[in-house]
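Input: structures, listed below.
After this come two complexes, each holding chain A, first together with chain B and then together with chain C.
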Partner chain A sequence: MRKKKWNINDILLYLLLLLFAAILCSPVYLLISGSFMAQDELSIYLRPAITEGDTYVRFSLLPVLFTLRGYVELLLDTPEFFHMFWNSIKLVTLILLGQLCIAVPAAWGFARMKLKGKDMLFFLYIILMLMPFQVTMLSNYLTLNKLGMLDTHQAIIWPAVFSTFPVFLLHRFFADIPNSILEAARIDGAGRMHLFIKIGCPLASPGIMAAMVLGYLEYWNLVEQPLIFLKDKTLWPLTLYLPQIGLENAQIAFVSSVIVLLPSALVFFAGQDHLEQGIAASAVKE
Partner chain B sequence: MDLQSIFSLEIIKDKKSFKKKAIRMLASFLMMMMLLTILSRAADAVTMAQVETGYTYNMALSYPIEITGTINAHDTFAVFSDENLRVEYIAVQEGTKIENGDVLFTVDLNYLEEQIEKVEREIERKELQLDAIEKSASYQQQERQMNIDRANEDYQDTVKSAQDLVDNAYQDLLDAEAALNNYPAQPQIDWSDQQWEEEKAQLEEHYKQAQVLYEQAKKDKEESLKSASRQVEDANLSLETDNAKQLQEMDIEDLNKVLGKYNQLREEQGQVKSDKAGTVLLINVAVGDITSTGPVIMAIDHDKGFQFVGEMTQEQAIHLREGDLVDINPLFLDGKLEELSVNSIQYLTDGSGNYQVSADIPEGMVDKEGTGTLEVTKESDRYYNCVDLEALHTQDGNIYVLAVEESTTILGVQNVIIEVPVTVLEKNSSYAAVEGNLDSKQKIITRTNKPVKPGDRVRLIEN
Partner chain C sequence: MWSKLKKDSLDALFLLPSILGVSVFVLIPFIDVIRRSFTNAIGGQFLGIKNYQIVLQNEAFLIAAKNTFRFICVCIPLLLTISLILALLLQNMKKGKELLKSAYLLPMAVPIASVVFVWKILFHKNGLVNGMFHIEDLNWMGTDYAFYVLVGSYIWKNLGYHVVLWMAGLSGISRSLYEAAGVDGAGTLRKFIYITLPGLRGTCFTVVILAFLNSFKVFREAYLVAGDYPHQSMYLLQHVFNNWFRELSLDKLSAGAVLTSIFLLIFIILLKKVWGMEGEG
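Take a look at the complex of A and B:
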C-alpha cells in the first residue's frame, strides 16, 4: 500500500484538527495534571473561582511539585470514597442487569410481536424518552413515595430499569432482523422464546452492547436522581462525592475525578466496537 | 504511523486484543478498588480515635479539704519549787499524765532542815538589826525635839529684845520731837540769835538722828526675827528619811514566807505536788540538783484543752469558714476526733497567701501534742451540668467540651465529635460545673487515645 503524500493543505488541516483535539482533550489533561499537584498549588490556582475578586482562575500544564499525596490520601485514607464507589457499581450493575431483563424483551416485543395498540404504546415510549428528567421528576418522586421506595437504591434502579432509551435503541435492531430468518427458524420448530433468545439476541448483540455501554455511561454519572431521591448519605453514589469537596480538598477532587473517569474509559474501550456499530446502525436505520 | 491512523485510533492495531485488555484492566481496576477498600477501611479502623465518654452529672461539687498541722496544748503550766532545795526523787517523766495532787518530785528532808535552820538564823539576825535601827531612830527623835524647843525659846527672846530696842528708839524719837517742838520760835531775850539758831540746829539734828535710829531699830528687829524664825524652822526639819527599818522588816517577812513554805514542805514530807491535771511536757531538773527560781516541771494544762493549728491554701480557704465542723485525725491516735469546730481562720502576713486555721479540741480528747490532719468535705450548691475535669478544653481563652453526636455520614451512622462552648461556673479537683448547650443524655468525651477535633469520626470505648 502506498503511503499518501502530504501536501501543505493536509498539514494545515491536521494542525487545525490537532488544535481542536487539544482543546477538547484539555479538560482530561488538566484533570490528570491537577491530580499530581500539591494542595497548596491547587489552592492558589483555584482561589479566584471560590473567592470574589478581579482575578481569574489560571492553571499550570505541569505541576510545580509532582506529588502522589492526593492518590495516597484518597485511596488509603478516605473510606467514604470507596463506599460511594461501590454504591455506584451496585446501582449501575443492577440497572444494566434490569435493562437486560426488561428493555431487551420489551424491544423485541415492540419490534416483532403483533399486539393491539403497540404503535401507540411505542409512541408514548418515545415521548417519555424525549422528556427531560426535570419534567418527570415530580411524578417520579410521588410514585416512588407511594411505593415506599424513596431513600432506597430502588428509587434509582427501578426507573432506570424501565428506561425507554434502550427499548428505543434495541427496537430498531430487532425490527431489522429479516423475517425470512425468523420464519426459517419457526419452520424448524423454534418457539417464541427460542426465536428471541437464539435468533433475536445474537443478531442484536451489537445493539444490546451499545445500549449497555451507553447505559453504563449514563448511570455511572447520575447526579440529579440520587440527589433528589436519596436523603440517606450512605446510599449516595460516587457522583455526589465531588460536590462535597471544597477548595481545601481540591487535590482530592482532582484525584477522585481521575478515578471516576477510569472505569468509564475502560468500559468505553471495551465496548467501543459495539458502541460504534450500534450508533452507526441506529443512525443509518433511523 | 501517520496522523490519520492516529486520529482513527488505528494505533490500536488489534481492536479485539485491546478490547480484551480493556476488560482485563477493568477487572483489575475493580479488584484493586476492592483491595483498596479493605485497606482504607482497615486504616480507618486503626487511625480512628478511640474515646471514652461520660455524661453530665446533676450533682454538687465536693471539696475534700485535708490540712496537715500540729496539735498543741491550749495552755501549759509550770511547777515551781522553793529555791535551794535538793531534789531527791522525781516521780514523773516527760509525757506522764498527772492529776491534781499527784506527787511530782520530793526534796531531801535533811537538806530541807538545814535550809530551815539557815532561814531561821537569818530571820534572827534581821530582827536584831531591826532592833538596833529602831533604837537609833528613837534617840535621834529626842534630840530633834530638844532642838526645836531651844529654837522656839531663842525666838521668843529675840522678839522681846528687838522690840525693846525699837520701843527705846521710838521714845528717843518722841523726846527729840517734843524738844524740837517746844523750842521757842523766836530767840529769847537773853539769847543771842546765834545761840538760838545753834541750839535749834542741834535739836533738829538730834531729831533726825532719833529718826534714823528708830528706823534702824525696826530693821534690826526684822532681821533678828527672821534669823530666829529660820532657826526654829531648821529645828523643825524632820529627821533624815531612812528605809532601813522597812527593808529589814520586808526581808524578815520574806524570810518568814520562805520559812513557812519550808515548814509546809517539811510537813508534807518534802513532796511537791501538782495543783492541776495535765501531761508532763518538760522536766528541768535531775535527781541531786539544787532547785532555782526557774520552773522545775512544765506540763500541758488539761483543763484548757488542745487546739489544732495548720496552714491552708487560698483555694481551701474559699470553702472553709469559722464555725464549720471538721474532723481531726491525730497521727498518734487510732481514731478521728469528729465534729470539732473551726474557731479561727486568719490570713498569714508572711506573703505566702496562705491562711492559718485553728480548731479547738475539748479537754479529754487528746492528752499530748503531736501532728495531725484536719479533714472535712465541703459541698457546693447543686448544679445540673457537671462534667469530668478531663472533658474541659481551652483554646484562645474559650472553654469548651467535646461531645459525641451520632451523625449520618456517607459511611453510615457514625460518632462524630462536636464542640460545645461552655462557661465554667465552679470546679473542684475532679469535676466542673458548666453552663452551656448540654443535656444529661449528651456523651461528653473524657479521654481519647489521640488528639481529636470537631468533625472527627471516633469510636466509643465502652466503660
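Take a look at the complex of A and C:
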C-alpha cells in the first residue's frame, strides 16, 4: 500500500463534504438547541410564524439563557406524553420480538431449503413488501375487524410482525453462508434446527441486527396504521402526539421532539456498525 | 420417496408461520379486495369493470396518480445519482470516512414527528428559510414548491442509506481492474463507464427496490405537515385512498388499490428483466 499525503484538493473536498454533512444534520441541531431555550426566547424567535407578521423567524445557534425548564415541565406535567411514549415502546418491542420469531426462520427457509415454488413465493413477498399501506389498508381493516382486533394494539402488532421486509433483507445473509460450512456440520450429524440456530443465526447476526434497527426506525414512526385502526386516542403512539402541539407551545414541542429522538439516536449509534454491514450486505451479489 | 417428503415438510416448517401470517393478514384479504373491486360497495352486486371506469375518470385519483408518478420519477434518479457521487467521493477518501458516513446516515434516525415540527419552522411563509435567504412571500407548503420540499425531505432522509449501499457495491469491484485500466491509459471517466457502472449492476436491483419502497413513505411527512388535503402538488395516491376510506367509498378504494398494484407489478417485473433477480438462493 502506498501512502499518499493529503493535498489541497483533498482537503477542500473534505471540507465541502463536511459542510454538506453539517447541513444535513442541522435540523437535529436546531431541535437540541431549541429544547434548552426558555419559552420566552422561543416565542420571540417564532412569533412571525404564529402571528403572520412581516418579520421572519430567526434562530440562535445557542440559547441566550440555557434552561432545563422544558424538560422538567414535560417530565412532571404531561402524563399523556408518557402514556404515548409507553405505547410506542410497547408496540416497537412486541413487533420486533414477533419479527424475530417469524421472519428469521422464514428467511432461512427461503435461502437454504430446496422447495418447489419457493422462488415464486419469494417474488410475491417482494411485491407485498412494496405495496404501500393504503393499498392493503381496506383488506387489513376488514380482517382485523373480523378478528376483533380493531382498537387494540394487536391491530398494529400482528400485521407488522408479518411484514415481509425483514424476510427480504435477511434472505441475502443466509444465502451468502458458504455451503461447505453447512455441509461440514451436517456430516458431523447436526440436525436442521441445529444448523439454523447454531450456525445460520450467528453467521447472519449482523443482518438480524440490521433488520432490527431498521424495524425499530420504521415502527417508532408509525403514522397510518394507528390513525386508521385505533380510534381510542389513549392507545396512540408518540408519532401522533407531537404534531398536535402548535408552535405556540414551542418549548414543549422542542423538548418532546428531542425526547422522541433520543431512543432513536441511541439505537442508531449503538447499532450503526451492524446497520451499515447489514445495509451493505443486502446490496452485494456474490 | 417418503423420506424426501418428510424432509420437505420439515423444511417447510421454517416458512410455514410466515406464510400463514402473511396469508391471513395480507394475501387473502387482498384477494378479497380484488373481488370487491368488481362489486358494489353497498349490496355487493357484480358490476364488472364499472368501478375501474369510475376511478379512471376520477379527477382526484388522476391528479394523485400523476403526482405520485412524478414524485417517483424525480426523486429516485436524483437520490441514486447524488448518493452514488457521494459514495464515489467517500470511497477514495483516506481518512474521516466514518464521520461523514455517520453524519449522512443520521437523518434516517430522526423521527417523523420531529421532522414535521422542524419543517413547520423552516418552510413557513415567515419561516427560517425565507428569512435566511431573504425570500419574500413564498409559502412553501401552499404552492408548487411543496412538491420539492417533499422531494428534499425524501432525499435528506434516505441519502445515507443509499451511500452505504453504493459503497458496498463499489467495494465489491476488484482494485486490480482499475489498475489494469490505468496501465492501459484509461481516464477517470472511462474507468467509471467501463468498470464502475457494470460492476454495480448487481447492486442496482436492491438499491432501486429500496429507493422505491422508501418513496412511498414520504406520505407520512406530507400527511403530518399538511393533513388530509395538502397543496395539490403533493396530493399523493395515499391521500386519495385515505380520503376514500374515510368517506367509505370502498368500491373506488378497492379498484384504485388493484390498479396501483398492477402498476407496481409491471414495474417490478421490468426491473427484474433489466437487472435480473438478485435473490436466487
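By definition in this document, the second predicted complex is superposed on the first by the 266 of 286 C-alpha atoms of A that agree within 3 Å, B and C clash if a C-alpha of one lies under 4 Å from a C-alpha of the other, contacts with A are read in each partner's own complex, and residues count from 1 in each chain.
One rule holds for everything that comes next: a contact is a pair of C-beta atoms (placed from the backbone, for glycine too) under 8 Å apart; a residue touches a chain by one contact, two chains touch by 3 or more.
From a predicted model like this one, the values you see are computed outputs, not experimental measurements.
Chemist: Could you look at A:Asp232 and tell me whether it touches chain B, chain C, both or neither (first, second, both, neither)?
Modeler: First partner only.
Chemist: Touching A:Glu224, do we find chain B (first), chain C (second), both, or neither?
Modeler: It touches chain C, and chain B stays clear.
Chemist: Looking at the overlay, does A:Tyr29 come into contact with chain B only (first), chain C only (second), both, or neither?
Modeler: Neither partner.
Chemist: Any idea whether chain B or chain C touches more of chain A?
Modeler: In the superposed model, C touches more residues of chain A.
Chemist: Of the partners chain B and chain C, which touch A:Tyr56 in the superposed model: first, second, both, neither?
Modeler: Touch status of A:Tyr56: second partner only.
Chemist: Which partner does A:Pro105 reach: the first (chain B), the second (chain C), both, or neither?
Modeler: second
Chemist: Looking at the overlay, what does A:Ile89 touch: chain B (first), chain C (second), both, or neither?
Modeler: Touch partner of A:Ile89: chain B, not chain C.
Chemist: After superposition on the shared chain, which partner residues are touched by A:Gln272: those of chain B (first), chain C (second), both, or neither?
Modeler: The answer is both, since A:Gln272 touches chain B and chain C.
Chemist: Output check: A:Leu17 vs chain B and chain C. Expected answer is one of first, second, both, neither. What do you get?
Modeler: both
Chemist: Quick check for you: in the superposed arrangement, does A:Phe66 touch first (chain B), second (chain C), both or neither?
Modeler: neither
Chemist: Take the contacts of chain A with chain B and those with chain C, and give the residues found in both.
Modeler: Shared contact residues on chain A (touching chain B in one complex, chain C in the other): 4, 14, 17-18, 21, 241, 267, 269, 272.
Chemist: Sort out for me which residues of chain A touch chain C in the complex.
Modeler: On the chain A side, the touching residues are 4, 6, 10, 13-14, 17-18, 21-22, 24-25, 27-28, 30-31, 46, 48-49, 52-59, 101-103, 105-106, 108-115, 118-119, 121-143, 158-159, 161-162, 164-165, 167-168, 171-172, 174-175, 192, 196, 217, 220-221, 223-224, 228, 238-243, 245, 247, 253-254, 257-258, 260-261, 264-265, 267-269, 272, 275-276, 279-285.
Chemist: Would you mind writing out the residues of chain B in touch with chain A in their complex?
Modeler: Spelled out, the residues of chain B in touch with chain A are 2-4, 7, 15, 18-19, 22-23, 25-26, 29-30, 33, 36-37, 39-41, 43-44, 47, 408-412.
Chemist: So in the complex, the part of chain C that touches chain A is made up of which residues?
Modeler: Its residues touching chain A are 8, 10-12, 14-15, 17-19, 21-22, 24-30, 32-33, 36, 86, 89-90, 93-96, 99-118, 120-122, 124-128, 130-131, 156, 159, 161, 164-169, 171-172, 202-203, 206-207, 209, 212-213, 216, 219-220, 223-224, 237-238, 241-242, 245, 250, 253-254, 257, 260-261, 264-265, 268, 272, 277-281.
Chemist: In the complex of these two chains, what residues of chain A are touching chain B?
Modeler: Counting only chain A, the residues touching chain B are 3-4, 14, 17-18, 21, 75-86, 89, 232-234, 236, 241, 262-263, 266-267, 269-273.
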